[in-house]
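What follows is chain A paired twice: with chain B in the first complex and chain C in the second.
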Partner chain A sequence: MTNTEFRDGFALNNKISLRQLQALLFLEIFGFGVTALPRRVAESAAQDGWVSVLAATAMIIPVVMIISHLTKLARGLSFHNFACSVLSKPLGVAVSLIFCSRLVLLAAFNLRIFAEITRQTMLPATPFAVIFVSMLMLAAYGAAKGIETRARMAEVLILVVLLPLIFVFGISGRDIDITNLAPVMVSPIENILAGSFSAFFAFSGIEVLLLLSPYLSRPKHLTKSSAQVTVTIGIFMAIVTAVTISRFGPEGITHQMWPVLKMMDTISLPGSITDRQGALIMTFWIISAYAIINAALFFSSLLLKDVMGRGQHSGYILALVPIIAILAYLPKNLVTVYDLHTFSNSTIGLATMAGIPLIIFIIAKIRGMKLKNARL
Partner chain B sequence: MRGYSFTIKFVIAGALLFALLSFNWDRTELEGRAFVVAIGIDASQEEGERFEVSMSIADVAAMEGEGGDADVAVLRVACGESAARAMGQVDAQISDKVYYGHTKAIVLGESILSDEALLREVIDTLSRKNEINIKCIVMATDKAAKDVLEAKPREQNLLGVYLSGFYNSNNANAAAAVVKLDLEGLTESLRSTGSAVIPKITLEEEDDKGEDESQPEIIISGVAVLRDFTLADYVPNEDMAGFLWIMADAAGSQVAVDAGGGHITFLVHKSKATLDFDSNGPGGRAHCRVKLRAEGAIEGARFMEDYLYDTETMRQLQNRFADKIHDEIYDILRIFQQDLGVDGFGLKERLRKKNRRLHERCLDEAHGDWQAAFENMAFAVDADVIIRNTGPVK
Partner chain C sequence: MPFTIIIPHTRAKIPYHLLCIKIRRLIKLYSVINLQLYSELEKNIQYFEELFVECGDWVKRKIPVVSNLSRYVYVMYIDGMVDRSVLELSILPRLMASALKPPEDFFHAPIDLLTTLKEGGMMTADLREETDPDKIISAVMSGDTAILVDGTATAILVATRGFPNRGVPETNTEVVVQGSNEAFSEVMRFSTALLRRRVKDPRMKVKQMQVGRRTMTDIALCYLDDVVRKEVLERALARIENIDIDGILTCGALEEFIEEDYQSPFPQTQITERPDKAASAILEGRIVIIVDGSPVVILIPAVIDSFFQSADDYNQRWEIMSLARVLRFASAFFALALPGLYIAVTTFHPNMLPMMLTFKMAAARESIPFPAVMEVLIMEFAFELLREAGIRLPRPVGSSIGIIGGLIVGEAAVSAGIVSPIVVIIVALTGIASFAIPSYSLVAAFRLSKFLIIALSAALGLLGFWIALILLLIHLASLKSFGLPYLFPFAAGDINGFTDFKDSVFRLPIIFMKKRPIYANPEQKIRLNTEKLGNPRKKE
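Up next is the complex of A and B:
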């Protein structure tokens, strides 16, 4: 006998299925990472940038497996409580706050870059504040509704994200020069690895897997599901990178700020009455930005609620909204935003994506915590 | 708790409404926009100014028939110490907001092409204008770009639309064998080698103008060749056929050979050039082998002569067409290699993709100067013509 509540045929039990988890992760990770990814990897590995992306995917898989293992090991405990039980309470609090900071920074950078792109392509005179408020309020509303609402929304939005992207790249495919990928695999290995390091952070957001333990209805196959979605994202990113490098060339792409968005400018639709089709790719970008900001708000508010031990997560969301807006507004220009973002990735990002999960994993092993005791 | 939740919803909804309902910073009516269809850029003659920017702006009211006999485009000209400032000055002259999203063509005057500093600044400014589509056509002129923009094509009142239509139709290759270049191609070419081959647009000379013509006719013919970001020379259209063969862009062009008292014309349906590189040139020099295959149909021969239906004659004709194409390719290679010293064929990138080691060797031997490496390259041309069709007349 369960005490699950139902409304309009939907269960309201604060649990999501693994399929919903995959949709959420795809939306949160794919969009933000991919817009500048081809440029970043081409700067290091030139025409072999797509190899760097595949290498980064191979590097992220063990991380995903460790994170999934820890999530299952948490046995439904919140991340904060699990971290406290493994690391001791003071360290658990510190780790939770580090994760919270990482998510807040991720949301702030994402918000600022979203606003910059929006201003450059569609709304040049609209103040940052208005774009910030609009996006943050929408993301906050979605986050306040809880994990189930987010999951159902992701299942719908994933199509809205994928269809324009497939359309754009399908049309662009007619006008690419595949020889721009030649010669293949001639970049020095250190350059390919440097590209992989950049591409690794395109998977930013994968760390939210650690925070999902209380919300998974059947975590038994979590490792397989999360690995599947990560490989899918990696393959999509590699394809997008290869097509974009083919289109602009390894030299030309390094001069494009957002080459994936620029792809739209290069196509002419047969029989089209419009010259510019930027709105199509912006659909993909707006939803992707929304997804990651929404996720960051949701999980950082949960972490804060657990650390504080009181209140509702929606209250913390309201508190975080102005903080994220101010952080997004502070950098003077886009160059500073990307510098700070790179610095944040290589410090706190690396810690939350790989360092901390690995440390918790090792300590959990030392303390004899095993999956066979976990109720999955 | 329910009251708390309601407050949150109320605050969120209120803030959203406030934000969404006050979205009018970017409100622009169609009538409030000045649609730039073509941009011309020259060096300024005015003291203290460096650039003169001319913009052909579509007059929407006149296009809709509300302006009587008025021109459908107006020309606005402004000067500035930088290209961006000159463009901004044009914007300041008119009441509507300048919009570059429908710009079809950019014309660079000879005064810009002859000055590296000015050209670099212009290309950078145009590349940074997000509104300008990178597929926008770029042309060079031996006159002032302003004069070209002032002239009206006979078939189409808007120069930018005329140029766009010219290249979209087949007649660009078929009639004039004209090279096409867009803003993206120009920036790529300049980044790679500092050189570029830009199609030339010019005006009919005053002496050639008919008595009933009020203004000179626009002529699209030949190319301007840039070397080290500066104008090297112009190449007339009659020499450019070989260029199109190498660039695999010759579909629609025609080749005519003398067949004893008359000419036979071959219309190219498709052509493909394959470039292979090795180090088997004289003295171990880099060697480029151009293999060209063209397929097409006989368009015109002599009336009431059935010799086209003889296999041996067809074979001989194919060879004669191939010889002519072969000569055209050698001619253009000689012009670019010996006269201009400019790699106008993008061979640097092609060699890098196909034979990276040879590419590096060439650059090493030329101390990093690709144009010098290009001048030292040996070429062999192998043309193959296939006549697929002789038409419905025997």
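Up next is the complex of A and C:
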């Protein structure tokens, strides 16, 4: 069987286009990130929560640009190999393992949150482990199919996630009270900044961009593409936050654990045949959970494979499945999960999203690594 | 009795001619020696007579062509495979006549009998020389007549193919309201002719091959040489050449060998019986594979979008056909997901439905002794049974099965309290939706996948429903058809500038479809030149 590659760069094995990359990032970041975001920012910045989201977007843009620059600088090398070449092998291994741990924790906490909420709201009689294992196995199956399949999935799923969201938020006009957003920009700047620090972690998952270098078919315009998608995500998040705050009010929203989901559930659809938009919520919820767990599993196993330097990718996925399952199962309750999640975000999350890329960037600059030498 | 050879160590008896064939094949396989005919006619006759021993349909005759010098030719063909009128009116009379009139320089120069016969002995243009015995056998088996000539190691092969056939049949499974009713025939040459009649461009190539050690099935690949993607063509040729099987009798068998993932229930090649659809595919840069003996052809590559397109889409107004397309996509969702969705909602999330509907459904299910999933499975089983029985039964009886099954059994099942009326509606809608999809093979994949969705929905409600859908989507996203993503243009649509969406969920006016779809070679993208058309909206 011949494996002739297509001249127009089409269907290159294990390569994705920048548009597919944008779809992947949007799906991974936007879905799960936005569900609790309005509450988190409203707790600090009240009705100006949406401003905090925009400020967080402005903060994440330089990070994204640095990460994109590093990805291009990697010249198709895997992150592990690139980190080893910049930082030396022992440090490279350590950095790869930190990234791997971050992604495993991200998958585990999100899995636990997903399973808890699904059981509480939709499947009270279903054993916890069944929900847990079914989602994990689904994510593992998707991860084992490789980057191309993940990218194509993202292109299709993004419509499935966005359409219900746009539909619900588009018709929510009669249920929202725009005066809940007034007065604008009266919150103290430190509150808005505190809100934007919370909103910053809604972009968790952006660091996987650093791991995508070997998979990009034409990375020349990577910086522009990744900045575009980040701004788009930021604007979407700000709109969702503004609409949700105006629906529940800056006070009321703090009592909602998942304000976006609650809003979807309670908006009255004109002429609807459903009393509750459970199907829409489940669509949004399941796909978002799948996207983030699948991405975390895919990239963490990839890092592990690179560090070990042998074996099949699917083997490492299978190896990580029980580890993620155990980590997700360990916390006693949802409150503990949130505490751990917040702690991991502000430590290892901050390190992988901003700290480590910045250090690698500075060392690469000192060592004189330039883009013009990179194969784009 | 053909003589046999005993192999010393095993004491196995092998007929001489089989041994000859094996040895010849072995030599051909492992060496550069090119086996040829003998120049002595008698040796050739002995070889072929050993080979065709006990083949009752094999006709042969030794004919003197220069009688006084005892120069002969040996004519052989397979009875029933040849057009006897060509043979008996254009070939044999001339051969026999040449025996009475030897050439003028007969006594002065050695005769080049082969040239003499070719130039004066046959009233046909379609003949060729062949020296390879295997190719001669293959040609004879396909309906050609072989003429072995004394004194030369070359045979003349005359195209005399003429099999029993049913002509050009009418379409049966892809009926259209307007448009051609011609369908492909089992005879490969008729099928190529039907295509050639529609695409009169010499750049449409018809590459012929044979597959099957015993069946030697003729296969033709038809494509536009400059429009086809060379990568796809190379893959197709390589995959067909690598098939080493005793026989291929149907398109379906060949399909399994050439598609990327034979384990998938989803078709990665498209089947059609319509020459106009196949010709349109050729114009798009696709390859049409014709298998002799099969009344349908294979179109490659095939992405999921192509299974929702029908030949009728371009015979009628684009507005109404766009609606039809949307309906087909919606039907696909219903055919796949409706029973699973019903089970998930009624069993796990009844509060999602309006109160009145929930009460109505609960009242309808009150006396039903089974859970919703059992009800659905019973009705699905009955429906699949009816569908299968409807195919097997003769056509006039088939319709009565539908009436008996649909009306009487359904009504009786509801009256007996075995299933609720709403389940009958759900299963009937699912069945009707499946018939709205133009591709039978895609419907078959949906029928199978439906049960996965039913199973997971019954176990996990809407979570299971979505898990099943995502599983299917992962599978579809991982599929490729000759290197092209199966989910195109819904995934990777940007590669062709999103132009394929113009003929996807909606069918836009043909004037908008300036570019060929993704199947075409990127250097031959433009298919419509609108310069002379100007602005069609502007009235003169």
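Note that the second predicted complex is superposed on the first by the 364 of 376 C-alpha atoms of A that agree within 3 Å, B and C clash if a C-alpha of one lies under 4 Å from a C-alpha of the other, contacts with A are read in each partner's own complex, and residues count from 1 in each chain.
Keep this in mind: contacts are C-beta pairs under 8 Å (C-beta built on N, C-alpha and C of every residue); 3 or more make two chains touch, one makes a residue touch a chain.
Fair warning: this is a prediction, and the values are worked out from it, not measured in the lab.
Colleague: Given the touch rule stated above, what does A:Y141 touch, chain B (first), chain C (second), both, or neither?
Modeller: In the superposed model, A:Y141 contacts both chain B and chain C.
Colleague: Examine A:Q20 and indicate which partner it touches, taking first as chain B and second as chain C; both and neither are also allowed.
Modeller: Once the two structures are laid over each other on A, A:Q20 reaches chain C alone.
Colleague: Taking the superposition as given, does A:A107 touch the first partner, chain B, the second, chain C, both, or neither?
Modeller: Once the two structures are laid over each other on A, A:A107 reaches no partner at all.
Colleague: For A:Y290, using the defined touch cut-off, is the partner it touches chain B, chain C, both, or neither? Pick first, second, both or neither.
Modeller: A:Y290: touches chain C, not chain B.
Colleague: Looking at chain A, which partner touches more of its residues: chain C or chain B?
Modeller: Comparing touch counts on chain A for chain B and chain C gives C.
Colleague: On the A-aligned overlay, A:Q120 touches which partner chain: chain B = first, chain C = second, or both, or neither?
Modeller: The answer is first: A:Q120 touches chain B but not chain C.
Colleague: Quick one: classify A:A199 as touching chain B (first), chain C (second), both or neither.
Modeller: In the superposed model, A:A199 contacts neither chain B nor chain C.
Colleague: Is A:A364 touching anything from chain B or chain C once the two structures are fitted on A? First, second, both or neither.
Modeller: neither
Colleague: Mind working out whether A:A354 is in touch with chain B, chain C, both or neither, as first, second, both or neither?
Modeller: A:A354 sits against neither chain B nor chain C.
Colleague: Considering only touches as defined above, state whether A:E155 meets chain B (first), chain C (second), both or neither.
Modeller: Once the two structures are laid over each other on A, A:E155 reaches chain C alone.
Colleague: Return the residues of chain A at which the contacts from chain B and from chain C coincide.
Modeller: Overlap of chain B and chain C footprints on chain A: residues 122-123, 126, 130, 134, 138, 141, 275-276.
Colleague: Going by the contact rule at the top, pick out the chain A residues touching chain C in the complex.
Modeller: Result: residues 1-2, 4-11, 17, 19-20, 118, 122-123, 126, 130-131, 134-135, 138, 141-142, 145-146, 148-153, 155-157, 273-276, 278-279, 282-283, 286-287, 290 of chain A touch chain C.
Colleague: Quick one: in the complex, what on chain A touches chain B?
Modeller: 120-127, 130, 133-134, 137-138, 140-141, 144, 179-180, 182-183, 186, 249, 251-252, 255, 262, 265-266, 268, 275-276, 312, 314-315, 318
Colleague: Inside the complex, what are the residues of chain C that reach chain A?
Modeller: It is residues 229-231, 234-235, 238-239, 242, 348-349, 351-355, 357, 459-464, 466-467, 470-471, 473-474, 477-478, 480, 483-485, 487, 490-495, 518, 522 of chain C that touch chain A.
Colleague: Within the complex, which stretch of chain B touches chain A?
Modeller: 1, 4-5, 8, 11-12, 15-16, 18-20, 22-23, 25-26, 101-102, 127, 130, 133-135, 184, 187-188, 191-192, 349-350, 352-354, 356
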